[in-house]
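Heads up, the next two complexes both have subunit A, just with different partners, subunit B and then subunit C.
Right, the complex of A and B next:
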């Protein structure tokens, strides 16, 4: 972690902070309309101007950060959990179960994730799904579209790790499946998948915005960048800032997450489990001790 | 060799079958009552229970799901994808009108991505750590991070609103195709430029490149003649993946520029709960996606003998 480029972490971190503290950062109610101030440029009262309903753009951008962040976090955690469980189960158990699960994963990957999410939004628009709000429909659709990537990755890690000699050694020593899985395999899986997820966060923010842009995501009163952008498209002649501001916010967030992913890839991953690092240091010191004794003897 | 080829083809067909079955199940399970939807659309609010029951009976909606899927599959294989609930036209007719538009988008975008990515990647590798390299790296990062609908919006703002060079809506003549093509090509070009750049760097440090330098070849000659052919396989694989992802670009671009393609139809089908249109479009996407992937795999197997060997378990 010594050479870790902390500066690269900063933009993504700022986005998360803005998302968390958005209620205290907003200067206006993001849904409050003011027909006396439509499509205004930046002013002391409205730092980024107002939109076609006189709503404060600054507050809507800040509110949009929260919408994206919360939806992204839900989808990421849920997709990761489902993917890791199914993928590592398939890899560990092997045999026919693995074959069936791989087929399921392959089918889920037979279309781009976003197309699946779109199709699921269509499915959820049926009357059987009226009990879900639009927001949750989007979260569930994205989760169901996203888990398969993590499942495939987890399975690959498990299969590779199971071939290591130390796993065999552990088995010979009488370690149970649960022990081997939780102590040896899972840390490897999580180490890789969590890193991938941190880079994937940008793609997910983009997916959320794209769904809303296409009118199939977050419903209007909630501020959301993709939806702000598509609304602004009708007023590009009067005030292009309505399109440019949410677009820049979105791009900045995705760039920051992509930078994060690139940094992770270059750094070969900081240790996911601190305890292991400690154990390794202890082992190294013990080896030194033995070597010294041998020299003395 | 031939057996491996056949294996891949059969696997791809099975995948198409399974994926369409899954979408069929999801899409038919969703709307609640398709017969009611059809009746409502045919007779407005005046649709009564008797009419709904008759439609359900006529369309065989009371049959078990596997029977309905088999019937749908039989029809689909003969080119009959049903009638769109939204437009009332047969899906085959809709496709005949819309596929050329989407194909033109994808082809133009694909060619542009190919040219741009090779140019950027090779220029970056030639500069190797210099200003051009770092500049191109930054551009690729931004290109891979900018949402395609924002790119489209910016192009419209700059070229249509500010400069007044191209119409904001629809296509007329080659210049109006340029904005959609650029929009759709920017993301894949950025990703692919990175693939070219990184793989060139990798091959340039291989022994045969060193041999090239030792023979007295210039850096440019080694780069273009020795290193470039070696990146063909990773490039092709990524290009295939990016080309299929361009479907999403097409959906967005068709909406922004008001083009009547398959992507725009798909979104309208979702919004108007046109489940027959949805199923037909999804089938088209699955066939496109799986066959492009198959094609890339087969080409890679042709190019690299190592991939032809059956995998060891």
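Right, the complex of A and C next:
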């Protein structure tokens, strides 16, 4: 039990590294077609073989990691920003505004995120959205489907923190709302939401692949794992590797991120990560202590 | 506690083995006289006037006046002979005598008139030339009728072969009862299966087996696996339960018989006539020249397709003269762009500050496998320097955008026999036609006039009028035909004498015997 966290982190870690360094790792142009090398098995030239258009599977898997990583990062950052702003605002302002915003959040949470994303993709496929590429449609749809969780969490943290005596003290000392929010409340909100978001990354990678699997996400020739899966389905009898390879990559990354999230939830994080988290927590507490002392002074 | 000695173990094993084999024996016995055919969607009640039921089952139950023969030859059906007046304004039919609907109602001039008046002269069916030009029906004799028209309809006889609404229903059939004069009678239908039994009173060659089960299997791999497992006897047919070339190749290696014949429908890359980019003939020419049709046919259709640049294949009547398929020529494609005022190279092209970038609308739901073809074409056009953005959309979006010409490139298909060439020409190349969500391949005022003339011209002049349309389309690079997919079926070894049905809208049963 002491050692497994490192193992579960490996695929997620490798995924992020591959995503970042993919241009240097790809052995071929992932879009280059070679009709003379269709559906080939692994060889020195093509380490994972080729697909139905003679494209190098290794390069496409590497390229697919980058596609998922970049899309995931965009969605996480955007959803987190929207969620934190709306949730914190609702929690901080309170009253009827909070009631309205929390209702909106509840409605958004009542439906599965993927269903919302699919519906939005349907809306975005209309002619009014032709100016957006399929990729950005997917990013926007997933962002709009993903923010509500973060908003609800942020609001809960803000409401809890507002009850703390040091906030009351800061108010008494005449600290502005912006000062209180940015210096005392936001670090708490981000501390929790960012940890949750890191665990949510797996679900997002899966959602990106699902949309592509359904033909609604990343447009060809950009390699994407979900798209590789669905395109490989037609060839599953003759060359199962076309399905197995992207399937395994997807499974490893999603399971890894999910276990990471579970570990965070159970606080069974790897020592290195736990050390960093504790350090961050200590720093935050020290900052609060200083603020409290300033208030008392 | 259970005690297991050698004797009881052997007895149990033998018993279990028998129980395992028993259903197979029962299954084999129960299906000895039954042909089991896969269909992709449920048949429904086969209402001839509604566009609901799948097209593939009508011809088994309902007969037509005229049958479709090889190469589009007209063969007698419920009409044994027909005469077109010299002015083309009336067509007389001698109706087959001694034919009855399966409910016992005689098929005669009165029944024929009742049927024809259900759709001739009815606005909903004005897309059929003979329905639009209909004037009246005269009963000349108990088994002879004359259809009078307001104007000549050269394709009238071919139109009487199509799947619906032209076939004949018993005038006494209650709503939802599919009662025809065809070789099969509907015994039952549900969302999973339609059961047909042989019409022993059928006037023509009766099927050699007594029962046909049409099993709804939407997934192509599931259909192939059911064929392998002996749960289906026949799969295939574009409008029955399409079989992909790759799957056919796999089944061929496993003892199944693959039957392939030249197809009657063309897969066409359509250029939006309203897209500013596609209105530039140089761009259309570059795309036309930059595509390797032979590679598309070989790589994605496993050779079960024939590359073409003609709108209709030679298997369709009056399809026009054959144009040799040019080899892919990237240099010629780039030269066409240069001649059209574009500047650039394989890295990209610009004209008046506009980059050459086109939107390729694709829907896997509308046309399975189309994204792979689109990817292949995207790669080919990339080498020319034409940046192609594939937009994958769902069926509803495709049906919304296609009629509005809201795309640069997209896939179309001609209807195939027995609808062509008049069907596709009159619908997909005419500005005023109403094709609903299917959209049109190309429209232009000059083309409208040519198509109208071709569709109105009969006799010896018809070929020439049709050729004028084909020449215009080719000269103006109005569309980019790619391949003609072959008609493809896979047959289980227990089926003998399999012959392809007359069209891909028909079920196979003629000549088949079951082992």
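Rule of thumb we're sticking to: the second predicted complex is superposed on the first by the 254 of 297 C-alpha atoms of A that agree within 3 Å, B and C clash if a C-alpha of one lies under 4 Å from a C-alpha of the other, contacts with A are read in each partner's own complex, and residues count from 1 in each chain.
We take it that a residue touches a chain if its C-beta (ideal position, glycine included) is under 8 Å from a C-beta of that chain, and two chains touch if they have at least 3 such contacts.
Since we're looking at a predicted model, the values are computed, not measured.
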Check the residue A:87 against both partner chains and state whether it touches subunit B (first), subunit C (second), both, or neither.
-> neither
Answer with first, second, both or neither: which of subunit B and subunit C does A:234 touch in the superposed model?
-> second
Scan A:107 for contacts with subunit B and subunit C and give back first, second, both or neither.
-> first
Go through the superposed model and pick first if A:35 touches only subunit B, second if only subunit C, both, or neither.
-> second
Is A:126 in contact with subunit B, with subunit C, with both, or with neither (first, second, both, neither)?
-> both
Considering only touches as defined above, state whether A:261 meets subunit B (first), subunit C (second), both or neither.
-> neither
A:215 contacts which: subunit B (first), subunit C (second), both, neither?
-> both
Using the superposition on chain A described above, determine whether A:19 touches subunit B (first), subunit C (second), both, or neither.
-> neither
Who touches more of subunit A, subunit B or subunit C?
-> B
Return first, second, both or neither, reflecting whether A:115 touches subunit B, subunit C, both chains, or no partner chain.
-> first
Intersection of the subunit A residues that touch subunit B with those that touch subunit C = 122, 125-127, 215-216, 233, 236-237
Where on subunit C does subunit A make contact in their complex?
-> 221, 244, 246-247, 250, 295, 298-300, 359, 363-364, 369, 371-372, 374-376, 378-379, 382, 389-394, 396-397, 400-401, 404, 406
Residue set of subunit A touching subunit B in the complex reads 103, 106-107, 110-112, 114-115, 118-129, 202, 206, 209-210, 213-216, 226, 229-230, 232-233, 236-237, 240, 243-244, 247, 250-251, 254-255, 258-259, 262
Touching residues (chain side subunit A, partner subunit C) in the complex | 31-33, 35, 38, 52-53, 122, 125-127, 130, 133-134, 215-216, 219-221, 231, 233-238
Listed in rising order, subunit B residues that touch subunit A in their complex are 15-16, 18-19, 22-23, 26-27, 29-33, 141-142, 144-147, 149-150, 153-154, 156-157, 161, 244-245, 247-248, 251-252, 255-256, 266-267, 269-271, 273, 275, 278, 282, 285-286, 289-290
